[in-house]
Amino acid sequence: MPSKPRFGAGIWHFATYVDRYATDGYGPPVSIIEAIDRAGQVDDLSVVDLNYPFVDPTVTLDEIEVALKRNNLGVIGITPEIYNREFSKGAFTNPDAGVRRRANEVINDAADVVRRFGADYVKLWPGQDGWDYPFQVDHKSLWKMCLDGVGELASQNPDLKFVIEYKPREPRVHMSFDSVSRTLLGIEKIGLPNVGILLDFGHSLYGGESPADAAQLAIDHGRLFAIDVNDNMRGWDDDLVAGTVHPIELFEFFHTLRKNDWNGVWQLDQFPFRENSVEAANMAIDFLKAVDRGLDILDIEALRAAQERQDALGALKIAQKALFSSYR
Amino acid sequence: MPSKPRFGAGIWHFATYVDRYATDGYGPPVSIIEAIDRAGQVDDLSVVDLNYPFVDPTVTLDEIEVALKRNNLGVIGITPEIYNREFSKGAFTNPDAGVRRRANEVINDAADVVRRFGADYVKLWPGQDGWDYPFQVDHKSLWKMCLDGVGELASQNPDLKFVIEYKPREPRVHMSFDSVSRTLLGIEKIGLPNVGILLDFGHSLYGGESPADAAQLAIDHGRLFAIDVNDNMRGWDDDLVAGTVHPIELFEFFHTLRKNDWNGVWQLDQFPFRENSVEAANMAIDFLKAVDRGLDILDIEALRAAQERQDALGALKIAQKALFSSYR
Amino acid sequence: MPSKPRFGAGIWHFATYVDRYATDGYGPPVSIIEAIDRAGQVDDLSVVDLNYPFVDPTVTLDEIEVALKRNNLGVIGITPEIYNREFSKGAFTNPDAGVRRRANEVINDAADVVRRFGADYVKLWPGQDGWDYPFQVDHKSLWKMCLDGVGELASQNPDLKFVIEYKPREPRVHMSFDSVSRTLLGIEKIGLPNVGILLDFGHSLYGGESPADAAQLAIDHGRLFAIDVNDNMRGWDDDLVAGTVHPIELFEFFHTLRKNDWNGVWQLDQFPFRENSVEAANMAIDFLKAVDRGLDILDIEALRAAQERQDALGALKIAQKALFSSYR
Amino acid sequence: MPSKPRFGAGIWHFATYVDRYATDGYGPPVSIIEAIDRAGQVDDLSVVDLNYPFVDPTVTLDEIEVALKRNNLGVIGITPEIYNREFSKGAFTNPDAGVRRRANEVINDAADVVRRFGADYVKLWPGQDGWDYPFQVDHKSLWKMCLDGVGELASQNPDLKFVIEYKPREPRVHMSFDSVSRTLLGIEKIGLPNVGILLDFGHSLYGGESPADAAQLAIDHGRLFAIDVNDNMRGWDDDLVAGTVHPIELFEFFHTLRKNDWNGVWQLDQFPFRENSVEAANMAIDFLKAVDRGLDILDIEALRAAQERQDALGALKIAQKALFSSYR
């Protein structure tokens, strides 16, 4: 039986949010230190992913370290802020070469923070790289800029891993790294060993993928470096609490990971706009523990036999039984 | 031949925006006065819809009036801010009765501004009224609160019109006023003459409606009080420039309005996140003028005959010819 | 505690299917008699809904009765075939008045069969009534034809109930009766007591509704006459086995029914294209029994309190616990 | 200026259809010979794609040849029937090895017909290869079967080209070859020069791709072997007449092809369920000729400059002007 999973979360899980309507936010601003302290209140959280630069530029890395330590938290990754105002027309694909250069610098700075914290990777979240309208871009050169930008970073930092978090859209109407296949195709083109995928369950689900299939594909290409979970209504990146809407597909996702001996951190990427963030994290982790127990008792042999026959109903009954009976 | 249309826009068209990623905004903040001055630069804009309270609470109504006057702009409606932090768990449906009361006050204040400017209506944009998760709400009481809240306002202000702008979702995962039919059903239940619909073309399109059909239905119920136009990819409220993606359905929408002698203002509800807002407005209005010219030359009799046969191809050829040949 | 639910199914659940690709069908044709015998093999099925006229025109009503009797099955409704070739351009809205007349005759014939079997209702499935292209129809007259057609039937048969099964689309690109609200709006317009809704869980889900909310709305209008369940991926009417993809929303749906003392039959509308139809029905009914047991142990008071606070996470934990622990 | 495009169509464009509702079809059956004669009535059609085996097994290749000749039509491709009853659980991925073998045989037979007619390619339309339910399949082995199956064919027939027509779904709830990127990833893995993509504009559009971007990507990988056009509502493969709903994106698609000197046939894949098929083809081709004229007058330099700035509005104005003014 495999060891128990370690849980992680993006630190933004514990922040408050703005959107284009509630421009004054869904609550008072939360400093990075406060967010870390909230993360520390979650029952079973081991690591966090930190945005960089920090919202409050006066906060030092030492202060962050102290806060992490008192909450018994490690750092799994650093997410450079390449999707704010400066990069609102793109980071890797910005039409202004100077801004593209700045994106490279910001990410290289983030790489140093990865080293400082002994984190696993730099996370690239290229949400502003893409397009909004038909005819807006030359698709060939846009995609080339994406791959050149990521490839340059990977070459500059051969000691580090870079993970690309793909998503169909938002904030751009169409993101360049929109799916698991497109991202793998790009990574193969780049051809460097230190570029991989962070697969967000919800992005995959709402992009029309089967997250389990997407995970398998990324694993078979040797590129599944990290994962995030959450849930949604299949039409948008709602970032709801994991397990609340699509429990069976979440279970299939983790079954696929275990089947392939993938042992990374089970991370949360949730946006509890109107909920208590600590409660939202605990609820998700409780469900994920049920998933883990469910995998322990899943009748693997019977499932394999049903899948060999492509017997949907037979396979599903086995899965439902294992998952639901593991929920406490 | 009908008189030329008058054009309008939500004043937010000329602001800058934030979202959950670019929390520092897609540009420097724009004051309400600056936004009015930008609106004034659009070639052919007659009226604006103003959010209230104003972002800058020190701005007076007199200052607004001066700014409008120098830009030769009137006010078509006032949109009370019932979707910001205070109301992030709902305005009409907030679980806290005190907040529901506050919503009523804020909207009554907006009603006074409508009177002050001789505007046409108070616009209700209940984007936070709805739910996010299964099991979150008691649907019967939630809908009752929606209707009670709107009904109370209409009763308190019998001299004014209230328009409800429905949308499937965002910021809530599901909005209570989600479609033309649901909104009409609610309005009929309220049973007051001064409640109607503001039909946003894009909301209708992405909700899976035919905007032309939705307009006809609202007209047949005597409730089409106002309209907005824009465009999107049918999966989200992208608020793109009108005519850029779905020109034919936009043309059908205005054909339906003219056929019914509906003569209200042709308003823009666009969010040019990364574009010049004056250019975006001009581009939309140029297209809308082509639509208007297209309606002038549309072969109504031939179209009617084709529609009586439900001859899709015959009808579409007539429409394509009229619209495309009217574009300059 | 309420009495145990009775289960039903559309007889087509036990047929084989064709589509535009597998024009030779997903299996050999199944006669209506064979389908009834298959239905009889399901562990706990009480009633069926029968298409009429029968596929095989030589089969008599007496033969059907014998088959039903030997399988211990009753008839809940009759579904007149108003969506095949003759009506492929519409039944109620066909541009040819003669075809509209024929639709009326076919449905009146079906009404006689309802009487013959002592069934509950005539089911109207107006899948061909709608449009495919922009500009194809005059929306005002199309909707009028819908309401006139249904109203005429209800007037002709005041002793019988008619239920309308709405759906967003398919086979038409857009169906006129597309949503719960639109259908209720039409029914209110018709103004007769014997017209109601058959709410198909999957149609509601993929139309972007919350099925629980849709049920509540139909109940509050006194029009929820019947229901169907199944499941899908929220983008199409996949007619998968109930409970396999969206268990929580299915549970919320039945919670809403019980809360309102709605005691109709729990019917299946599944299309097991590639599965054994008896197994598919049994699997669904097993899940529905877990749903029923879950409702028995649901902590209603705690749920009500959580919903009053609109406490999504609190409410969901209560629901998850009741449902998952009831699965065997 | 490039030479005028040649137009083609799938022969099924001129057939009648069945679906799961109108099981008796949307019209009387049309023989393959009749369908060819209808194709011959289209004003400007050069080639057709033929399903094989023919619906009527008594029709000989010689008879087909005569019919083609009298209608002045060539054959661009042959589409083996690997999606009917025999293959309803998959062709390449069928759980039964014997059926997979049969699929190979059927396709090899089709390859001989390609040679017989001097056609360009064997078209693989693996609509039944995929899955319907979570947990139904082992995703690793399913994808391997896809690639092994296609690879074997390409190896067996090195003198011929094979094109894969991807689509997100239908008839399977999820197709294995679901997107341009997934298909390219698979083709790269197969590693043979004679496997490419047939890019269907509508499949791309409703899969959330930009068809122009998808075409560019396939071209950059040297794999864009063929194309199909049509239109839809972005939520399903409606196979409507090309240009009727999304004219601008269709124009961008062909702009991308011309920019890359891609000179293949402009094929129609439309399903005029309720329309006259010859009229539907003529209408599409008329629009495509407007597209072609639009490309002739498109201000390429200005467009390139706008795209370099990623100036959406500037670029779109140039495109709208060229397309709309070319419509007659």
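For the reader, a short list of remarks on this structure follows.
Going in written order, the chains are labelled A, B, C and D, and every chain counts its residues from 1.
Keep in mind that, in the parts below, a contact is a pair of C-beta atoms (placed from the backbone, for glycine too) under 8 Å apart; a residue touches a chain by one contact, two chains touch by 3 or more.
Model, not experiment: these values are computed from the prediction.
Between chain B and chain C, the least number of touching-chain steps is 1.
With A-C and C-D as the two chain pairs, more C-beta contacts join C-D. Chain C and chain D have CA centres that are 35 Å apart. Separating the centre of chain A from that of chain C, both taken as means of CA atoms, is a distance of 39 Å.
In chain C, the residues that reach two or more other chains under the touch definition are 89, 132-134, 169, 208, 233, 235, 241, 244-245, 248-249, 274, 312-313, 316. Within the complex, the chain A residues that touch chain B are 17-27, 83-85, 88-89, 127-128, 132-134, 169-171, 173, 233, 235-236, 238, 240-241, 244-245, 271, 273-274.
Interface residues of chain C, counted against chain A in their complex, comprise 208, 233-235, 241, 243-249, 274-276, 279-280, 283, 287, 312-313, 316-317, 320-321, 323-325, 327.
Chain D makes touch with chain A in their complex at residues 89-90, 93, 95, 131-140, 143, 168-169, 174, 178-179, 181-182, 184-185, 188, 207-210, 212-213, 216-217, 220, 248-249, 252, 255-256, 303-304, 307-313, 315-316, 318-319.
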